[in-house]
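Data block below; observations after.
Chains: A, B, C and D, in written order; residue numbering restarts at 1 for each.
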Amino acid sequence: MMEIGLNHYLVLSTILFAIGLLGIMRRRNLLMLFFATEILLNSVNIAFAAISHFYGDLSGQMFAFFVIAIAASEVAVGLGLLVVWFKRSGSIDLETLKSMRG
Amino acid sequence: MEMYLYIALFAPLAGSLFAALFSASPKTLIAGIVPSALLFVSFLSSLVLLVYVMGGETVHVEMMTWMATGDLYIPYGFLVDQVSATMMMVVTIVSTIVHIYSIGYMDHDKSFNRFFAWLSAFVFSMMILVMSDNFAGLFIGWEGVGLCSWALIGFWYHKESATWAANEAFIMNRIADLGMLIGIFLIYWNTGSLQYDKVFAAMSHVDIAIVSTIGIFLFIGAMGKSAQFPLHTWLADAMEGPTPVSALIHAATMVTAGVYLVVRANPIYDLIPDVGYFIACLGAFVAMFAASMALVNRDMKRIIAYSTLSQLGYMFVAAGLGAYWVALFHLMAHAFFKALLFLGAGNVMHAMNDELDPFKMGGLRHTMKGTFIMMTLASVALAGIFPLAGFFSKDLILEVAFIENHYILYTVLLLTAGMTAFYSFRLVALIFHGEERYKLFGFHPHEAYKYMLIAMSPLALLAVIAGAFKMTYFEMVTKVLPMTEYHVHNPIVYWIMTIGTQLFVIACILYAYRKYEVAKEDKKMEENIGYKILWNQYYIPHFYEEYISKPYRELSRIFWKDIDMKVVDATVDMVANVFYKTGEKTRGMQDGNLSSMLQLMVVGLVAMLALAAVYSIATVLVAG
Amino acid sequence: MLEPVNISLESLNLSTLTPMLIPIIGALVILCIDLIKGGLNKSLYVMLSLLFLLMDFGSLVDFAQLFSENGTMMGFFDVMLIDGLAIIGQLIIVVSSMLFIPLSLTSKRFHEYSYPEFYALFLFMIAGFQFMVATDNLILIFVGLELASLALYTLIALHNRNKSFEAAIKYFTMGALAAGFFSFGAMILYALTGSIEINQISAVLAADEYSNIGFVLVAVTFLLASFGFKLSLIPFHAWTPDVYEGSSAALAGYMSVVPKIAAFVVAMRLFEFLVHSNVVWLETILYVLVVLTMTLANIWALVQSDVKRMLAYSSISHAGFVMAAILIGTTQANSALFLYWVLFAFSNLGAFAMLWVNRQKVLVAGQDSDHPFEKFAGLVRTMPTAAAIMGLFMLSLAGLPPFGVFWGKMYMIASAVSGGYTVLALIMALNSAIAAYYYLKLIVFMFMKEPVYDTDKAIHMVNASMPLKSIIGFATVFTIFSVLFVSPLMEFITALVYNSGY
Amino acid sequence: MDSILTILIFFPAVAGVLGFVVHKDSIRAYGISVAAIEFALSLVLWMGYDPNVSGMQFMESIPLIPEFGISYLLGVDGISLFIIVMASFFTMIGIATLGETKRIKDMIITLLFLQMTMIGVFASLDAILFYVFWELSLVPMLYIIGAWGGPLRIYASVKFFLYTFTGSLVMLVGMLFMAYFYQQATGVWSFSLLEWYRLILPENYQLWLFAAFFFGFAIKVPMFPFHTWLPYAHGQAPTIGSVLLAAVLLKMGTYAFVRFSLPLFPDASVFFMMPIAVLAIIMIIYTAMVAYAQEDLKQVIAYSSVSHMGVIILGTFALNVEGIAGSVFLMIGHGIVSGALFYLVGVIYDRRHTKMMREFGGLASVMPRYATIFGIMVMASVGLPLTINFVGEFLSLLGFYKQSHIMTLLAGIAIIVGAIYMLAAYKKVFFGEVTKEENKKLPDVNKREMFALIPLTVIALWLGIYPKPILEPISNSTESIVQLMHDKAITQEAKERIPNLVDEMSISRTSTQEAH
């Protein structure tokens, strides 16, 4: 069985990040978009935790904790906005968000 | 003497300003009388000065600074020497007479006052021209007479032809003035001064090539004012002006300014005989060229104008060959009889309600006796018949050409003398002899006012006796001009020449009488190609119109509409529009869609990543 | 077995936290007051906020004094970093906020201002920005950034119109993406160096001579993308026009000034050491970003039909212009950045405040946005003073001497010149010329055209009140006589920047 | 007397601010009084000016931004003095003879602000201060054209503003470079022109900087091919705007050439002399021809301005005392004459509300006084001796002749083509029969208009006949500039082209060569 090293974590993180990016680019639904951003942030968390362990330094994990906290507050704000928007327009499709342009 | 100088110079100005005061009001007789009187004063002062300079003295004053900057110093300086005194006499005599004459001639014109303002202003400019002691001052007068000539040719400004001719004259003169200006620049940068005395003193140290250039450019200036080929067309067109103007400006004074310039600059031209010879050749050419056009013309004033042109050619021959005093002498004599001729023509025009075609006249000698006599006298003088003024001055020029061994010039001038006699008497015959054709056209001719005739009489007198002053004049003027006597040493040759010339001229006169005593339209002659060429003035005005004026107008239009608007300005607008249009075209990128905004961000990120990859690979390669 | 943690209170240097704590306390106080007695007038909250900001300002002045004596100060586990940049950054943030907050005292009633939460959020946001600039710890930067951003999203949404929600959602989503970029970039740097403190990162990188340059560049790319978003550099700018249009004019003006200066300070900390290490790639990329941002934003601003949107693009362009300072990287350039921003803050806030006083609640027939150019047509007839003041702000933004922004532009171009960036200097200059066109457009409408809308209905100055007028007057005076302030400001800024080692 | 320049600059501005309070019925009287006082002050300045001193006089210096070397530095010499007097003179007669104008209060206040900037430009000796006034002058002019102009006024005014603004920004970059080089050489920043004069730059730096400054100046002059804003600006501007634009604002460009380009970059000036001469000649001939093709009388004069500015440029780049003094004198001359001509067009426009030449004809008999004054100005414009323009044109061309014969010959065509378009225009408007019914009853020039025209006519003749009072101070100051250029010149060619007026070196110098 192969030893799982730092690089594997980092590659996993990168792949997840790429998935998140793809999601952000492709999704047309606001809720799905928020999920994609969560994937982005959490992919970074994995890497932080791994690197922190690799260096034996706590600051990486601290960073990860803060990211989690921030992600949580983002969700709070984001969902709040989403709910309001749904109430106003009856849809959470990105197509409804096009009143300003040019 | 300075006081006389200032009086001679500024009296015309005072007269002009006085008349100008009334310029907006209807005819005021005093506006004509005062300038005339002041001119007479000017004439008297000039006379005093003439007498003074005859004794060998000169008067030189410096009134004040005009321009001074760097090394350049140009004062308002005035010099009365023998040459300028001669010119002053010519100018003041002729202009005084013309002024007095004009009081009658312009009697019915509503712009009577304005006329005198301009006429006196002209005299003032002319006085500056001849009295200035430096080239810049000369240029003031030079341009001043141009301005006055413009205003007086276009005096009847409601006539399209008059204003057109005025502008043509001004612009043609300007072309020549540029040459003059360049000549002045050359003089300044090579001698450091524009004062005649300093310039002439320094001229011998200047490279001969430069002296030639100076001579050529100054002569270009002279060509404009004296209407030499190819700048001659304006003079005939200038006949649109009132006839006294033609007499004063376009016969006696302004057009001779070119000759005066060459005479004045004789120390320069003495150094460059080649240029002088060119001037002489051009002069001879113009003499004949102009005379030939006069042969067939049917406009009384134009005929006289061409005659003037022709005589100017004679003067340039003399000046070009170094016989400056001869040129000046002919200038003087010519001024008298040519002014007389014009004034006479003015009388005829008055009588004929401004009709100019001599073929519509005839037999006027009965009704206009005084005019008839004076015009005949003037024509005889012009033809150079002994003992009138023309004989002494014009034949002298022929002699000069002969003595200097320029036989071709001599021949040309001799032929021209014959032509001169022919067209002069063609005119006299058509106007005063033969049937009274004017009756067919319903004219009722009458003699001019008596005082107009009286005013003309001094000119008539001078036309007759001017030749008598030749020796006095010679002695006086050669104090400043090169003293060369022109005598054919072989008396036989001399007599053959003189008598031969006289006979030839008389023959021409008789031929003219015979041919035009009874004026008939000669259809066959008019079909002749040579006649056509002459009739159309060698097609030169046509050429100028077709190949210079029209292209200039067209080119101007192209420059404006096509280049300035469509290229230069459009480029500027295009630069602005490129930005604006780019904005219009690309603002669609901001389509308000969140998805594309996010994509844009990611694309930006990826682009930068790609650049980073390229860069790091490059670094590795370079390091490796 | 855990050893007892022995940290002396002195070494914590807790005082470094004061400037941030003041607004946080202020926010809490406001919330408490509301708990105790609801329904109080907004003027109370405005004045309370103003008071706390004043205190904040005082403490910063104090720190400026301390800095000039002691130099850079660290505190709170060496997380806080009070250097010159931090002090100027915070000063600009606080002063701009002080100018902004009275703008809520409009004569028309806008309901967001009646919520005490608005003021609390506002103060939290300020604290967030202050954290951002006063640290070189990537975590704290991140936290400060998000604290401020989340508060800002909410403030935008509070305007409570469809466009505001749309704007907030757009801003929020893109902000989340930018946050992802930031954390990813920080992660790579952490992976490379094992540290999350910028000065240590730079030290480690320098020690091994940038051997992993490829990864460094990737990290920098992500960070640049993240701050590019905050600074609205093209192509990360897309949110700006929409968000400005969606939020109230006052808030838009605020957004064009304060978040950006915070981001500039961080960008300066992050990128300056790389620029100085002659990382050619970064120079190239910054060059491209700067030129693109300046030029494209200007070009898009040309074609706008709404003044606020035009000003949004214009503020993008100004940001690009100022970003050049980071590229140039000399002390002169960095000082010029702050000078520019101070002068810009006054003119821009003034311009947005003018829009704010012209905000009417009901649009007239034919009007399809809040501030179309047509609305200002012929303003000089009805309100010459207002037209003159608006014109003045436009001229200042266009960089016409001797008004405010000109001096910033001049310093900035001068620093480009002395930094050896000749072509950049020319591009900057020519961009000012393009920009002049759209500023002139408004002047043309105000001074040279006939009114378009029926002027019977009051559509100008409907929102004006004494506080608003005073703010505008203050900005006007500052803009006109800025030449007198430039010298002392420059002296102050240069000393701080230079002593911080930038 | 010590701070007279400050007073001259800011008096109109302060008066303009106070003018907001004045009731609009009395604003005209207010404007006239202010402008008259200002003019009197400028005369005081002239009286106090010592014509025998060639350097700067009435210097004032207050540091504004000392760290960056920017100061409030004022001073006049013979070159700027008369343009300042002319500016205040034109503003005075402009306001005094303002016709029926809508929103007259705005107009007068704008004019007063414009006056501040005009005088400021010519009195500034600090590059940035100069730049400030230079740019600021655009704003009132923008407003005047844009608010009181013809149908295309907005296009014209914006074009005017943007075009000149763009050029000036390039110039600003040049100025900053210049200051940077100064800083490199001496270690301190300075924008003081007098300090800059002492700096000798390597030739290649000079070339680039010259080009940068050239952009700003050339657009302002305006030189071909940057001139196309001018016909629009003139064509659309109200009379007063055209008058001030032609008389004073255009002179900023040529003045700046004399003040900046020549003494700062003598070698570059020599290097660029021929290309610029070519441009000048194109300006002279080409625009004269374009003027000839015009149908609008005002456009004729607008293009003629460009043509005359060509002669000024040529004189400036003669690089000798005769040429430069001539060009400075011609600035005054052209100011007076073209100002008067624009005013005259305004007179007729007020009566007929058209400027098309085909609408007129035969006006000489209807409006004799008008025709006379117009005629005098036309003759002055074509440079007849004893009018003001001749002195300048003669000296300019004379000066340039030293540098190039053939170029001067080509440039001299100015006197021909100038006569062509001017006389053609005069003929179309004044000569011939009166064909239009509405022209038959046109009133002649009235008293108010005479108030502007008589002084201008008198000046145009007086300075043509006796230019000494103005030419002498100009000459003295020009000499010091030429000497400075000669001393500073590095290349052999420049040393030869620029005459040496004295033998001993009189200027201390600093060089950047060792700094680079």
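The rule is short, and it goes like this: contacts are C-beta pairs under 8 Å (C-beta built on N, C-alpha and C of every residue); 3 or more make two chains touch, one makes a residue touch a chain.
Keep in mind that what you see is a predicted model, and the values were worked out from it rather than measured.
Touching chain A and chain B together: C. With centres defined by CA atoms alone, the chain at the far end from chain A is B.
The central chain here, found by comparing per-chain C-alpha centres with the mean of all protein C-alpha atoms, is D. Rounded to whole angstrom, the centroid-to-centroid distance between chain C and chain D, based on C-alpha atoms, equals 43 Å. The distance from the centre of chain A to the centre of chain D, with each centre set as the mean of the Cα atoms, comes to 65 Å. Centre-to-centre spacing of chain A and chain C amounts to 26 Å, using the average Cα coordinate of each chain. One inter-chain figure worth recording: chain B and chain C are separated by 77 Å, centre to centre, where each centre is the mean of the chain's CA atoms. Along chain C, residues 169-170, 173, 177, 241-242, 303, 437 each make contact with two or more other chains.
Among the residues of chain A, those in touch with two or more other chains are 24, 33, 97, 99-102. Those residues of chain D in touch with two or more other chains are numbered 162. Under the contact rule defined at the top, the touching pairs of chains are A-B, A-C, B-C, B-D, C-D.
Touching chain B in their complex are the following residues of chain A: 21, 24-25, 27-28, 33, 94-95, 97-102. By the touch criterion stated above, chain D contacts chain C in their complex at residues 64-68, 106, 128, 131-132, 135-136, 138-139, 142-143, 146-147, 153-154, 157-158, 161-162, 165-166, 169-170, 172-173, 176-177, 179-180, 183.
Partner chain D is touched in their complex by these residues of chain B: 23-24, 64-72, 136, 139-140, 143-144, 147, 150, 154, 157-158, 160, 163-164, 166-167, 170-171, 174-175, 177-178, 181-182, 184-186, 188-189, 552-553, 555-557, 559-561, 563-564, 568-569, 571-572, 576. Listing the residues of chain C that touch chain D in their complex gives 380, 384, 395, 399-402, 406, 410-411, 413-414, 417-418, 422, 425-426, 429-430, 432-433, 436-437, 440, 443-444, 447-449, 483-484, 486-487, 490-491, 494.
Those residues of chain C that touch chain A in the shared complex are 138-139, 142-143, 146, 150, 153-154, 157, 162-163, 165-170, 172-173, 176-177, 179-180, 183-184, 186-187, 190-191, 194-196, 241-242, 245-246, 303-304, 309.
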